[in-house]
Amino acid sequence: MKRKLRVGVIGLGYWGPNLVRNFYKLPEVEVTAVADLSKESLEKIAQDYPSIKILTKKPSDIFKSKEIDAVVIATPVHTHFKLTHEALAAGKHVLVEKPMTRTVSEAERLIETASKKNLILMVDHTFVYSPPVKKIKELIEKGSLGRLHYIDSTRINLGLFQSDINVIWDLAPHDFSIINYLVGRKPQSLAAYGIKHPVDTKEAVAYLTIKYPNNILAHVNVSWFSPVKLRTMLIGGNKRMVVYDHIHPSEKIKIYDHGVKISNNKADPFNPVYRAGDISIPKIESGEALAEVCRHFVESIFNKKIPLTSGVEGLGVVKLLEASDRSLESNGVEVEII
Amino acid sequence: MKRKLRVGVIGLGYWGPNLVRNFYKLPEVEVTAVADLSKESLEKIAQDYPSIKILTKKPSDIFKSKEIDAVVIATPVHTHFKLTHEALAAGKHVLVEKPMTRTVSEAERLIETASKKNLILMVDHTFVYSPPVKKIKELIEKGSLGRLHYIDSTRINLGLFQSDINVIWDLAPHDFSIINYLVGRKPQSLAAYGIKHPVDTKEAVAYLTIKYPNNILAHVNVSWFSPVKLRTMLIGGNKRMVVYDHIHPSEKIKIYDHGVKISNNKADPFNPVYRAGDISIPKIESGEALAEVCRHFVESIFNKKIPLTSGVEGLGVVKLLEASDRSLESNGVEVEII
Amino acid sequence: MKRKLRVGVIGLGYWGPNLVRNFYKLPEVEVTAVADLSKESLEKIAQDYPSIKILTKKPSDIFKSKEIDAVVIATPVHTHFKLTHEALAAGKHVLVEKPMTRTVSEAERLIETASKKNLILMVDHTFVYSPPVKKIKELIEKGSLGRLHYIDSTRINLGLFQSDINVIWDLAPHDFSIINYLVGRKPQSLAAYGIKHPVDTKEAVAYLTIKYPNNILAHVNVSWFSPVKLRTMLIGGNKRMVVYDHIHPSEKIKIYDHGVKISNNKADPFNPVYRAGDISIPKIESGEALAEVCRHFVESIFNKKIPLTSGVEGLGVVKLLEASDRSLESNGVEVEII
Amino acid sequence: MKRKLRVGVIGLGYWGPNLVRNFYKLPEVEVTAVADLSKESLEKIAQDYPSIKILTKKPSDIFKSKEIDAVVIATPVHTHFKLTHEALAAGKHVLVEKPMTRTVSEAERLIETASKKNLILMVDHTFVYSPPVKKIKELIEKGSLGRLHYIDSTRINLGLFQSDINVIWDLAPHDFSIINYLVGRKPQSLAAYGIKHPVDTKEAVAYLTIKYPNNILAHVNVSWFSPVKLRTMLIGGNKRMVVYDHIHPSEKIKIYDHGVKISNNKADPFNPVYRAGDISIPKIESGEALAEVCRHFVESIFNKKIPLTSGVEGLGVVKLLEASDRSLESNGVEVEII
């Protein structure tokens, strides 16, 4: 019988307890250790999960421990590089929260370290594991949508305004990871416009345009400053189109059998004509995406396989974030993604 | 008793008959003449409005006629300049369809001619006269929204793909005229990204970012290539926000008493906090905007007053259209609006 | 070549002009005569349709005319019997507005008269000819829904309050005709509850329960006194269910692949289990139902075939209306339909 | 300092753990004991709440204990009477799940017993404590809606089909308790129609009409057999109307400033006219109603005050349930509520 994977979780803020809860439910995992600066958070987790052995304020206790195989890092982004690097250096597999790091070079160093040490490095781009996104990927892969033309994502709501990062760093990692996954190619360029509100703070609204090979264009609107909450994507192919509404309780994905083709009309040969057909709403299983993230991390370790959202995918997202900073600084200029 | 205004309408395609119908209903107007290249269109209008005296294929018949005071031009955009110019030269007041002309210099010449001849020149930016837009303008003017920060407009649907103009020239004049009107200031720059679909045709999807003074940002998404039809604007002020949904049968305007302010929290002085309050949906009268356009044109002539959407406003829209062409050509570069 | 059908329309109130317009468009029809008590209505129609030969205040002019083959009656319901009877007596085919008559015995006499004289008698139950209702009928007939269990119809809005008839006589003929058509069997009983509002007037809200053979139950809610406008039907079969939303611009029919079956669980043999599957939204053509009504009337005359909504179907609706009056009088008692 | 209220919870099925969780959070309460037939449920609760002293399979252990002041009963309805009666007999205050009992006479005996022993008896009609329902009650009480005319409630979804009780006993206690609360008067009669589906089981769809004094009519539609999930109420007054949508994330209550009044038109004195005005959506706090239920129970005990949903209100709901059984048996006949 296989030995259980012993997991340590660093960071018990907003997301950390969800990670603990999901790893706890996996029969092949033992949540062995947790670390957080807050005594209250440690006590609360100890009460809820009395079997956790190590409760500490020092992440290094987890890195040093011989009873830990894998580390989950759910701390603020500016600590990701240091903690992940130390964990890898100590021979631990790592699942790190998104965004992976603050800079491209940091992300590259982590990938290199993990590779050298033959360790799994995975980034928690949760949405990539959500049933609706997996369904859309499946539709694209089997050709249901025809040739992909555009993806248009809207992720807006009121608040929470943050003071340390702008709205792009806060919300767009979701869009970037989903779109990179769906398109399946590396982006070529990005341009970003933002609105600072209130004026002397970070951007609270942003519009991003990303170009991919094959004339595929993605557009992302993220906002903390919208009266309505929307989590919507339009995915346009020449054979079918999809509307993905993450908030809708029962109709998350609508597939429109609508298409566009060049007319055969000789009098007007270049005029495209469109066709509107049926709409279908496939049943989407309702599983929690984070449970799938945890399962996938464990399986990747046991099977020594590269995870779906490995460090390389995490790096892809950080490249877009870094590019967005440069584009914002130069007032929306198009920035190449290398 | 005042003499009736004698109107001639040129162009009986899609929009022309709507103009005839609305002018016909005004008691102070006599629709005296119509011109169109199609014999069928002329016969149809003669049957529906037997009192029209002049039916002709030649616009010049209308320009020459002494029985015509004002001319309405509802022909394709590439004919607007020539027809409007001839009408003005012949001493007629002119209402011309949007967009006013194909180029800024054409628009400027028309304004100059009208000015010299002391004639009314008005552009049919219909939405500016629609009850929801007037209501939003009123809210902005009386300070209900506080300081205006952004306007985000989405005007997307499936088709009609056109072969002579791109989706911006087709749909965005609506957005440009509404946003210019609501902001009440001249735009400073525009950047445009587009997707050609099918590949060898004109842009079928476009994203436009327009900067206004005072850090106001507008964003416009127009598309012929969307599975869903949306006609939505978000208008964000620091005191209140508005969602304008032109398609909704009973809730066209929602006013969100949501706001953002700088926190007084000394520990975190720069962190904006938001407040979510009640929503209100004012009753909007259901009048046809085009009826108001026609009334306004007639009143402007009788009262010798500059119309709300005079040539100058028409020029403002053409400037943005011309800028969008330049930005598209250079792959989304920000173009200054002079 | 076939002679054109010469049609006379009596009543130019709200619905009459729509009938004139639709008959006018049919190439095999000539709208020869119209009658109305209002001089203005006659003048208006003469202007719009100059080819109409007979304009009269007296329906008898139409009945006497040898140039009329068929009569369309769009007058208030209390005049339906007399006018229809005179038209039939004069040898004219008749299309009469819904509801057919005020009483069952009147409807029966009309059917008898038409039958004796070998004339077409059709009732304008427009919705039966609408694309969504025809689609649902098709789904039921081909067994897609399995065994039909219930139909639940909601037809509510604010106003127009009427003083001569209650809300059931005003709105429920639509529901009754659709449900009779979809079920395809004669109803067995009806019970009605109503709310008079204001108190001393006719019922402004009503709930009706109709039993059909095979344990099929229909429920109808009609109201002039609702803040929201709804035109919705749920149609429940044991294999699939349909939601029909007449107002939705693009999703009028949603087919839910949801079902219920007796469990095979031996521990709990009687417990039904349900299954939720995909949803599909078939494309529905957008044709005007009234155009189809007019076409069908003309075809029925030319082909000497009984129309889909013949006098017998009209009688079926009047039976339910009469039953509703009796049930309301006795405070909701179940009334048998014979 | 006040002694803590020591609470014992009987029944750890679906709802029981929610009650434990909410009582646990109250600082003035100590959850001292739990009882359930299932060993697993007891072990689970012991792990989650290690401070609970008594874990037992026998409710009598709780009744006998001197360390318990109040008992919460969350067991199947057929056990409510016996357990509640024993608890009261043992001198404990009781909060019992809805519906209070299976029969009116049982409910009456419990009220009598509680009264004699001077104990608080409260029924968990949760919705009465929910923020939207409290808001509507407030609007009615302050006269915003004018005179109340009708309440129309729709509580439908797919499943869960139950084998021991019909859909009315399962879902309608919610509607009955809300409507009794909002109307503030005792109902006079009830009529019920139901659909058994599958045929040999309990009713899975039901329509209920309830008459209240002052010509107020309530209508309730409950269903396990609907493709869509709805939790909607229309509340119609002559001055304003309310739509309450329990599922909507941000617009739970819409207040329509729509009204109806008798016309002053002398030509048509009895014709009511309607007026459509603005709509407002008040912000509703998002608190969990069950937390409020638990708080209210504790306060009622400490302050010796009759709770909002005392045994008398519980009895009112059981009267309607019993009446629905009688009406269903006699095919929808109107049954008087005494």
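First chain written, first letter: the chains are A, B, C and D, and each begins at residue 1.
Rule of thumb we're sticking to: a residue touches a chain if its C-beta (ideal position, glycine included) is under 8 Å from a C-beta of that chain, and two chains touch if they have at least 3 such contacts.
Only a predicted model underlies this, so the values are computations on that prediction, with no experimental measurement involved.
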In contact with chain B and with chain C at once: which chains are those? Just list them.
-> A, D
Could you quickly compare A-B and B-D and let me know which has more C-beta contacts?
-> A-B
Counting in whole Å, what is the centre-to-centre distance of chain A and chain B, each centre being its mean C-alpha position?
-> 40
Whole-Å gap separating chain A and chain D, where each centre is the average of the chain's CA atoms = 42
Using mean CA coordinates as chain centres, what's the chain B-chain D distance in Å?
-> 54
For chain A, residue numbers touching 2 or more other chains are 228, 250, 276
Mind listing the chain A positions that touch chain B in their complex?
-> 149-150, 152, 158-163, 191, 193, 195-201, 204-205, 207, 209, 215, 217, 219, 221, 224-228, 234, 236, 238, 241-243, 254, 256, 258, 260-262, 268, 270-274, 276, 331-334
How about chain C: which of its residues touch chain A in the complex?
-> 250-251, 257, 276-283
As the complex stands, chain C meets chain B at residues 47-48, 50, 228-229, 247, 249-250
